[in-house]
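As written, the chain order gives the labels A, B, C, D and E, with residue 1 at the start of each chain.
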């Protein structure tokens, strides 16, 4: 039951009410600022191309299907609710496998397989061009699409040098066989791409564990362990060690985007 | 206590005043006679078959019932007369279009319509899908939470524009009476308080709908109990709206009903095809003046100039004309 | 005698028929949009070619808009009195085309009702974001420019004309930059695009305006002096030559890079693809023949021929937009130089075909019809067209002042 | 009264229009209908009454922090009414409000608001099988 | 406006709303109409309440209980006229009408805005008839009825020409003419009448026409016209007057019998009638009893209008005509189109009935078969405008026209307000003019057709004592006329309205625009080839003004 006094002061509470939404955020104190995170963590992935090639070749041989999906891709699709459609032109892909061959067959006629995924560039062109700041780079380096903001202009797809982004031409719900509650599904008319399994990363960080994206986990579990994920700001992490020991190649490094997916052992041992 | 007073008693009174008041005004107008058929003709009449009438003429100078109805509908839905608005310049030959008033008027009235349709969600159960569809279309769905309804903001803007006309244009300032400002301020207060509830001080809308549902079925004790739980900011909006309802029938806002009665618009221009009968002089055998009019107890009666009187008065001249067999020929020089 | 602008009567049957036809085509365009978004797979887009001809509509319409506006502003900015007769109609067309441009963005984006996000979360580094601002402000400037013309406020008109031209240049550079600043696609990346855009915009807008003026004056049975049009036609031809020059420079520059040899060959010398045709048709029918028409003394003074040249050029500038937008996406990028790459699960590494479907064409045609609907209704509501456009009339006024 | 032929229908139209809720609700048979919420177990992040009016603001704040922050501190929500802290994850609400139909939809249907959250977001009502984690993938590679 | 007279100075004032409620005490010179004298309003045939005393504005000499009488009259009006009551209630004071009034444009007097003019009486209405006005008084825009207010009401009621231009632009169709008309009626109940219109009303009530012409005078005037026509055409023409058994009764405004630009129009009528009679055998008669088409009663009150127009149907019945043709007049057509058959019982005699059962002119004269008046088909009206009639004759090629006879005229056409906005006769005159002359140009679009500007002298405003007001009111029309004069070299302003024809010569002189005034029927008369008399197109040497026709036009 409301008292008369309360009613009267509430007329004066106009000002207090106006800042209600602001209050919610004002009270939230960050135990760890963005700058601190930036100094502490930068996620990256290293791909051992020889192991990867070995794995895919084995699978192709086993199934006889030249378009077979290796464990990493399957895990990515399931984990992130990536829909599957028949039509290759509009089928969204977060992670996919590409076949490489050197231009000079006389030197090396062998084919290699590499996974292609979002490179989580240090200077991501997609973030530069996004109209609505829907694509953004988190302080820990992961580039994410905030689909609440995406308007589907597809400028980021044009700008991305790696073709890492997919547009939802159809309602993704139609192409889903099972659902992972941890990751939101996307709607028709927005752009999506690999997030380095940001939900897994955040959960692991909060629990103080080493984060492992789904593809990496699946690669180790079912594949040859070609993928390595970790924090390159930490010199002791596995990724740092591997990158120290090997010559790493970045895709289209000449553009200066500084991608954070590194390919090792390109062209064999 | 406040809940009962503002949440129960006031709305009942306001609705009663509104409904009875509007009916009273309509009946009151209908009680007056329409002595003459006086449409304002804004275009070519229906006349000889070779005189072309354009579609605009049909609506501006209607001849049939349908054309008249069309004229009224265009008037009501598109404010067609205001659309003809021009402004006169003393120093120029030409006149310019000045349709701002039309634009602001349309903006306000259609926003109001949308706002009212959206408010029907508080009265109708289940909420009709077209109401939801309209709300979704006008809101930037998903961009702002809560949704931002364009009509809700546009109506405030339009009211301010209409009010600024009255404040800043010297001619309009001269014309405006306090009641004109008052109506605008009242509407502004309602719309602004509505927007405040929507975007800043949230009220529990579910309780609001429950309150209204209980009021509708006269479940007063339940309504009063619910009314007490609703946030006070709601009552600012609600009370003002109730006041508007009660104020409506007795103010110029009644133009909403009056526009249907305008004799210059709702009559066809078919005087020559259908005779209009004056209800208070249905059989005019002789002019009223010759029957005499009574003012303050005294009767003033004019003499009737019928042919016989006339003939008596000018007998010689008329006879002379008759002698010439009613024919005039030029005089032989 | 001063130029007097007058509304048309607009009560004849052909007029209503025209309005109805345009309205139907417009409605069909919007219906195509609805279909496009409800049923997947009706358009020719894919994850490799996400921008098609609906997107090409943006630069195309913007170009038509600017071309119109610059004609309009000639009178104001450079004080060329004789073009004052066309200033209203041109400014009005400019405003109408910008609406079409904004709508073609609206038809193109995936989540239309989220568009306010672009305002709410304005991204300073995004050229598209700036363009959204430029387009809307450009529309406002056009409207104010038109308004001050209606109100015959001479000083304000000159000021607004200047501002409008400045803004038009800005908008065009911006639109060009949307494409040319994309450094990840070599066929897009070019510093020449923004200036070429401005030239191309003026020629296409001017070309269409010429035809527009001819037909409007003809249908309203008003007098139009060929010598006035001739002046504009010469400007038109001159700018088309500059456009041709720009195209040549850019093509040759691209062809000079060994890395792009394959792509350039694909674009210019591959008659199997629509891109080849879009380019060469533009060169031949969109530039060469119109220039010949205008410069040939036999045809260059004839309003019919000039408007034919204008229409040809304006129509084929759409091919130029196609040639600008599509090849960069169709031709695969090289992720790892020295290696040939083929994706197992997507279309990366392949040349992807993009053929606009009828649904996409319907949207573009619907927008064009909408602009003409706005125009046809506009000449009835507003005093846009001069009672007669004859050079002597205009000259007399110059003498008087 | 003159023109009864027009005036009486006009009054009737006015009355029918103004009293739309009566005939509409009578036709729908929903006079006095009130939604019944299934009271969830457990403690909410904010006071229930505050939530009834302001939950949309909370959810917006929740989602922005949840997506945009990489630092774990950025993912901590401080309750406005109770002062407690909560770590933001995507499916927190479902832990107590187990039934969307009996909770969310009750009020939303009543007021006629249908937010687009569930176009993408998981709800317990969703009919598709759940993903079982990486370990469950073995069936694809056996 | 390089050549506009220096003397006109428009002082625009924008007082506060409170000041607007206060009655104006100081009346501008040249804008106040004189009050009626007893001989006009206390005459035998036109007896108005309290008309027996001579009044002036300084000394109104109102009856003792004038307030009661006025309010009673107002109450009666509210009951008797829905338009008045509605217009009292629904105005929202949006201001759309404000600059539509030519008197407001010309004078700048804020109370001349149509809305403010209506507000003068509306404030009284609020004070005495609405609860808000009774309670809140001035705040609700209400004011007491005092003698000053009455004076002000009179002052502004007679600054309106009842042209209805404001009504066209009002979103609710509020017709200030209607308000003012009934206000004048209320004022007449306490003895306040305008002298100029009551002179004419009284004369018309007594003699049948406004000029007070006796039958002999009228016959003489027509006869003189016939003589003049003989000089011009060389033919012996004739016409009928008061002829029983004629086919058609013709009613013209009485000014046509004497006044100058009107005169040529009458010659045009006579030529047409003779041609028709000679060729087709249709007889058209004038009447001395119904010798007046105009009706100054429509400027005064419902009853006065009825008093004056009641004669015509009676006369039609007496003469046994089939229908009535009306001449060129503006307010006459408001009266004849919208009022007359409501205010009177239409004639019921046989010829009339027979004709309107099948309104084809072939029923009267076989040669004219095919001209049908189906749109007016009703035995209860029976009026045809002379220009409609001529348009039909031209369309059916029943008369022969030689356009070139009007080549020395470059004409423009002014729509009389009542004909355009009270009747909708817009295209017919243009049709006629395009067919009888080669050089016809329209004035600017917003000053013609239904948006036409008033001549500033309608509604009883033709009085000489309000010359200042008249010249201010005519300004917009003159600006438009000057525009076409400069642009096309127009040398005649045609208008089918007697009051316009009286006002425009004065106004054109005042505004220094060297063009003539005339009526469309004059042009018809010029161009009409009297084939029935054996006239050839090239025979006519002089136009109806006596000027040589082909001089200066053919050669150059």
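The rule is short, and it goes like this: contacts are C-beta pairs under 8 Å (C-beta built on N, C-alpha and C of every residue); 3 or more make two chains touch, one makes a residue touch a chain.
As the structure is a computational prediction, the values presented were derived from the model and not from experiment.
> Between subunit C and subunit D, which partner chains are common?
Common contact partners of subunit C and subunit D, which must touch each of the two, are A, B.
> Does A-D or A-C have the larger number of C-beta pairs in contact?
A-C
> Among the chains here, which has the CA centroid at the largest distance from subunit A's centroid?
E
> Centre of all protein Cα atoms: which chain's centre is nearest to it?
Of all chains shown, the one whose C-alpha centroid lies nearest the global centroid is B.
> Calculate how many whole Å lie between the centre of subunit A and the centre of subunit B, each centre taken as the average of the chain's C-alpha atoms.
61
> Per the centroid of Cα atoms for each chain, what is the distance between subunit B and subunit D, given in Å?
Computed from C-alpha means, the inter-chain centre distance equals 41 Å.
> Averaging over Cα atoms per chain, report the distance between subunit D and subunit E in Å.
Here subunit D and subunit E have centroids separated by 70 Å.
> Just how far, in Å, is the C-alpha centre of subunit E from the one of subunit C?
56
> Give the residues of subunit A that touch two or more other chains, as numbers and ranges in rising order.
As it turns out, subunit A has residues touching two or more other chains at 20, 148, 187.
> Among the residues of subunit B, which ones contact at least 2 other chains?
In subunit B, residues 30-34, 136, 141-142, 202, 231 touch at least two other chains, as defined above.
> Among the residues of subunit D, pick out those that touch two or more other chains and give their numbers.
2, 54, 57, 116
> Touching residues of subunit B toward subunit D in the complex: what are they?
Residues in contact with subunit D: 18-19, 22-23, 26-27, 30-34, 120-128, 131-132, 135-136, 141-142, 145-147, 202-207, 209-210, 213-214, 216-217, 219, 231, 257, 260, 279.
> Okay, in this complex, where on subunit B does subunit E touch?
25, 28-38, 40-52, 57, 60-61, 63, 75, 79, 81-82, 84-88, 90-91, 93-95, 101, 105, 165, 169-180, 250-252, 254-255, 258-259, 261-265, 269, 271-278, 280-281, 283-290, 293, 295-296, 298, 300-303, 305-307, 310, 314, 317-318, 320-322, 326-331, 333
> Using the touch definition from the top, list the residues of subunit C that touch subunit A in their complex.
Listed in rising order, the residues of subunit C that touch subunit A are 37, 40-41, 45-48, 50-51, 105, 108-112, 114-115, 117-118, 120-121, 123, 125-129, 132, 178, 182-185, 188, 328-329, 333-349, 352.
> Can you list the residues on subunit B that touch subunit C in the complex?
54-56, 92, 96-97, 136, 140-144, 148
> Considering only the defined contacts, which subunit D positions touch subunit B in the complex?
1-4, 7, 10-11, 14-15, 18, 20-22, 24-25, 28, 30-35, 49, 52-54, 56-57, 59-60, 107, 109-116
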